[in-house]
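Should a chain be cited, it is by its letter among A, B, C, D, E and F, assigned in written order, with residues numbered from 1 in that chain.
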Amino acid sequence: MKRVIVYPGSFDPVTYGHLDIIKRALKICDQLIIAVSSNPTKKSLLSLRERILLLKETIKEMKDVRVEEFDGLLVDFLKRKGVRIIIRGLRAVSDFEYEFQMVLANRKLDEKTETIFMMPTEAYFYLSSSLVKELAGLGADISRYVPKFVEEKLKEKISHAKSQKKTF
Amino acid sequence: MKRVIVYPGSFDPVTYGHLDIIKRALKICDQLIIAVSSNPTKKSLLSLRERILLLKETIKEMKDVRVEEFDGLLVDFLKRKGVRIIIRGLRAVSDFEYEFQMVLANRKLDEKTETIFMMPTEAYFYLSSSLVKELAGLGADISRYVPKFVEEKLKEKISHAKSQKKTF
Amino acid sequence: MKRVIVYPGSFDPVTYGHLDIIKRALKICDQLIIAVSSNPTKKSLLSLRERILLLKETIKEMKDVRVEEFDGLLVDFLKRKGVRIIIRGLRAVSDFEYEFQMVLANRKLDEKTETIFMMPTEAYFYLSSSLVKELAGLGADISRYVPKFVEEKLKEKISHAKSQKKTF
Amino acid sequence: MKRVIVYPGSFDPVTYGHLDIIKRALKICDQLIIAVSSNPTKKSLLSLRERILLLKETIKEMKDVRVEEFDGLLVDFLKRKGVRIIIRGLRAVSDFEYEFQMVLANRKLDEKTETIFMMPTEAYFYLSSSLVKELAGLGADISRYVPKFVEEKLKEKISHAKSQKKTF
Amino acid sequence: MKRVIVYPGSFDPVTYGHLDIIKRALKICDQLIIAVSSNPTKKSLLSLRERILLLKETIKEMKDVRVEEFDGLLVDFLKRKGVRIIIRGLRAVSDFEYEFQMVLANRKLDEKTETIFMMPTEAYFYLSSSLVKELAGLGADISRYVPKFVEEKLKEKISHAKSQKKTF
Amino acid sequence: MKRVIVYPGSFDPVTYGHLDIIKRALKICDQLIIAVSSNPTKKSLLSLRERILLLKETIKEMKDVRVEEFDGLLVDFLKRKGVRIIIRGLRAVSDFEYEFQMVLANRKLDEKTETIFMMPTEAYFYLSSSLVKELAGLGADISRYVPKFVEEKLKEKISHAKSQKKTF
């Protein structure tokens, strides 16, 4: 039987930190589903469609990975897919308590669900999508953190946001 | 002389984690005043009146507890009530520094004030009002975290919010 | 009925940080019992008798406090005394998880037991008996951290330890 | 050659915690440049001009310090000034991971940049600009945390904000 | 191909916290090898043989788990077994940095090695072998933390240790 | 006037993490004194003389650095040298509270003393002398962590320790 793991997140945008976890996750499963949250209450810079496209481009050379969106509860998505294992990256102490809260909440919603954590490589310990957006907003070179096409998309988005601000 | 303790918070909404602290607090005092902050700068999902009503319903079988609202500084509320002891629940490391900041600020505003901390039961270590609202927004069963009438109120509020979003 | 609280510890030696907690504890109870652990598996610099004498000297002007030793489990001491409330000082994040472990263990040993935490004043946030002993061992002035007679006892102990090392 | 250090921040508003770091920084350099971020994506209560004026007033008796604004990336500001050393205050564990993220990001943007950290005095461990604004908003006395003219400016700003709220 | 995971530790003694991780680990692999460290530089209360016997007794009803000892580097044990995945339980923030240090050290010793983390159930967040030994030494009931035969072995060990102390 | 900074520690043994801090420190001062503690109460694997020799070998190509030993209080060493600034590396959250305790203690012993912190490169975040000794004891390749001659010294020390254990 194929061992499938779900890697959920908002990926706003995908970074090399996410890619590092994706590659590590593939060592411990047969198939990885990257589940992009469409959660409309969390504001994202990129639309759901943009976040998914960037992820698909990022993984296009990789086998055994696919990208899907999910709406509502993660445990319901897992049930629909017949998957029980969630993977999350764990970087710094500040991640820790939020992640534990999620593990416990998900276990209570569906006790068959298990979450496993993996550590990215040191270079990505302090990398997050928020940092990337903040740096891009300040005009910094972010090519160490995200693929080329993500950098371009972010810059386009940000210059668009700025021109809108000016106009209205 | 009666020993009175104040348990302040925004209770947006009250959870079983709060109830756990209320019960423990009653073991160390004669009377507990739950002080609901009306602080208008913090956005709450529920109105002050709703938060108070849900708290009153939650404690209606309990003796020696009452619910009051307060406006402005907590130390001024304490002075008006002639109370010197504040109680707060302490769950995770992330609570810790925020709570310490509050203790020190309150001591500086009124050095007679003392704050004591108690730990909830393990099942509520990672429970917070924010988590409950987020789960309710995603349609999850939150009956392990809040009383029935709180769950109903939250669902009503959230469906109202959604229908408003659709309309406008 | 008198409200009694137990303040347990090894007090090897008592510091101004302990004294700060003792004074705060007295604001929330009628009587405080300082319970000095005789636990022979933890190595202490001072003997149980010395630790108790220094504590007694420290609190000799204070009403409603007394010093006792205890052997074995703290919850058994509480039962013998008919007391249910433990107080502990909480200083830094590194205290936090150890203290939580103790709270949970004590609750499991006797569910009637409750532990409350109080914060010392900022000046004592990073003060501990170990620091005091380390500084005394290096010949530092520790009069900001402990009463005069504690400083003298420590110096006597430490010079005795040194002369013994030389001899044998 | 003069040793120059840059102390960056938003200073919204300057507090005695910042002043403590400024004084300590002056012990390890010949000149300190306080670099006030004009970053328009972070909402500040005070305008850039107001934040700079309050800082200038705060340091007016001090030699070897000056206040400048910066726009965009801090590393670009450092290059323009020919400075390589950044100083930041480090207070609590919660600062820690954010600051480390910044150090690593700045090193990647310009590897010549170095960041050094200093600790404020204990009394300011839990002091932040946010706390000061929150307390001022509740009408508290904040004279222990900020100079007189900062307190006045904050009160003026806040009463203005309130009267605006009422009107619209 | 069978997916095998190694769960390393000193298990001095095995607790219900370890058992919780063992059960969760079995959900994500085909076979689990519990690798008991014989590391002679860490002092253990129980001998390697005793630790292994207690583990074997604990898992005797479980399929797909076996207990082995290892000497020297964990990565060398993994190579001999042809296994690449290590599992560790992650409980509290204090575990976090130690575990990260181990992950990084193991990756540097053999980059093919991956470590995954799982969280035990809340009831075991603050449970450790050290706590169990400390409580047993004080005569506490530890039946909530370890199987019956572990409790008996510990008591036997501890009373033996005491009688030896008396004699010499 | 020359700006001198003291970098204190036990350096048991010096690692590439220390070397990283030494190089960074040299960017912010004219001269660096590495102060090796002879503190006899802390057990070290290497003798004071060995620790100093390895440090001297490590820095032999570097200008403006020298190695000295100190005995007793660090603040007294600083006074004798006429130096006021201490530098320490800050790696992980677990360092944080210990380092803060030291800063505060040193300030109380001599208020002119200032401590500054710098972060090593990510690759050395979780590197410590203890880890190096533990890995060397298990026969691991530690060439990523320490210079060649440190590795050799450690191996010699450890094999000597083993042969002694066998004999007695």
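By our rule, a contact is a pair of C-beta atoms (placed from the backbone, for glycine too) under 8 Å apart; a residue touches a chain by one contact, two chains touch by 3 or more.
Worth saying up front: this structure is predicted, and the values here are computed from it rather than measured.
Chains that touch both subunit D and subunit E: A, B, C, F. Residues touching across the subunit A-subunit D interface largely differ between the two copies, under half of the numbers being common to both.
To find the repeat of E-F among C-D, A-B or B-E, check which pair has over half of the same contact pairs by residue number; it is A-B. Among the other chains, A has the CA centre that is most remote from the centre of subunit C. Between B-E and B-D, more C-beta contact pairs join the chains of B-D. In this assembly, the C-alpha centroid of subunit C lies 33 Å from the C-alpha centroid of subunit F. Note on chain placement: the centre of subunit B and the centre of subunit F lie 48 Å apart, centres being C-alpha means.
Residues of subunit E found to touch two or more other chains are 93-94, 97, 100, 104, 122, 126. Interface note: chains touch in the pairs A-B, A-D, A-E, A-F, B-C, B-D, B-E, C-D, C-E, C-F, D-F, E-F.
Residue ranges of subunit A in contact with subunit E, taken from their complex: 3, 24, 27-28, 84-85, 90, 93, 96-97, 100, 103-104, 107, 114-119, 121-122.
Taken in their complex, subunit F has these residues touching subunit E: 92-94, 125-126, 128, 131, 134-135, 137-141, 144.
Across the interface of their complex, subunit C is touched by residues 93, 122-123, 125-126 of subunit D. Of all residues in subunit D, only 39, 41, 72-73, 93-94, 97, 100-101, 104-105, 108-109 touch subunit A in the complex they form.
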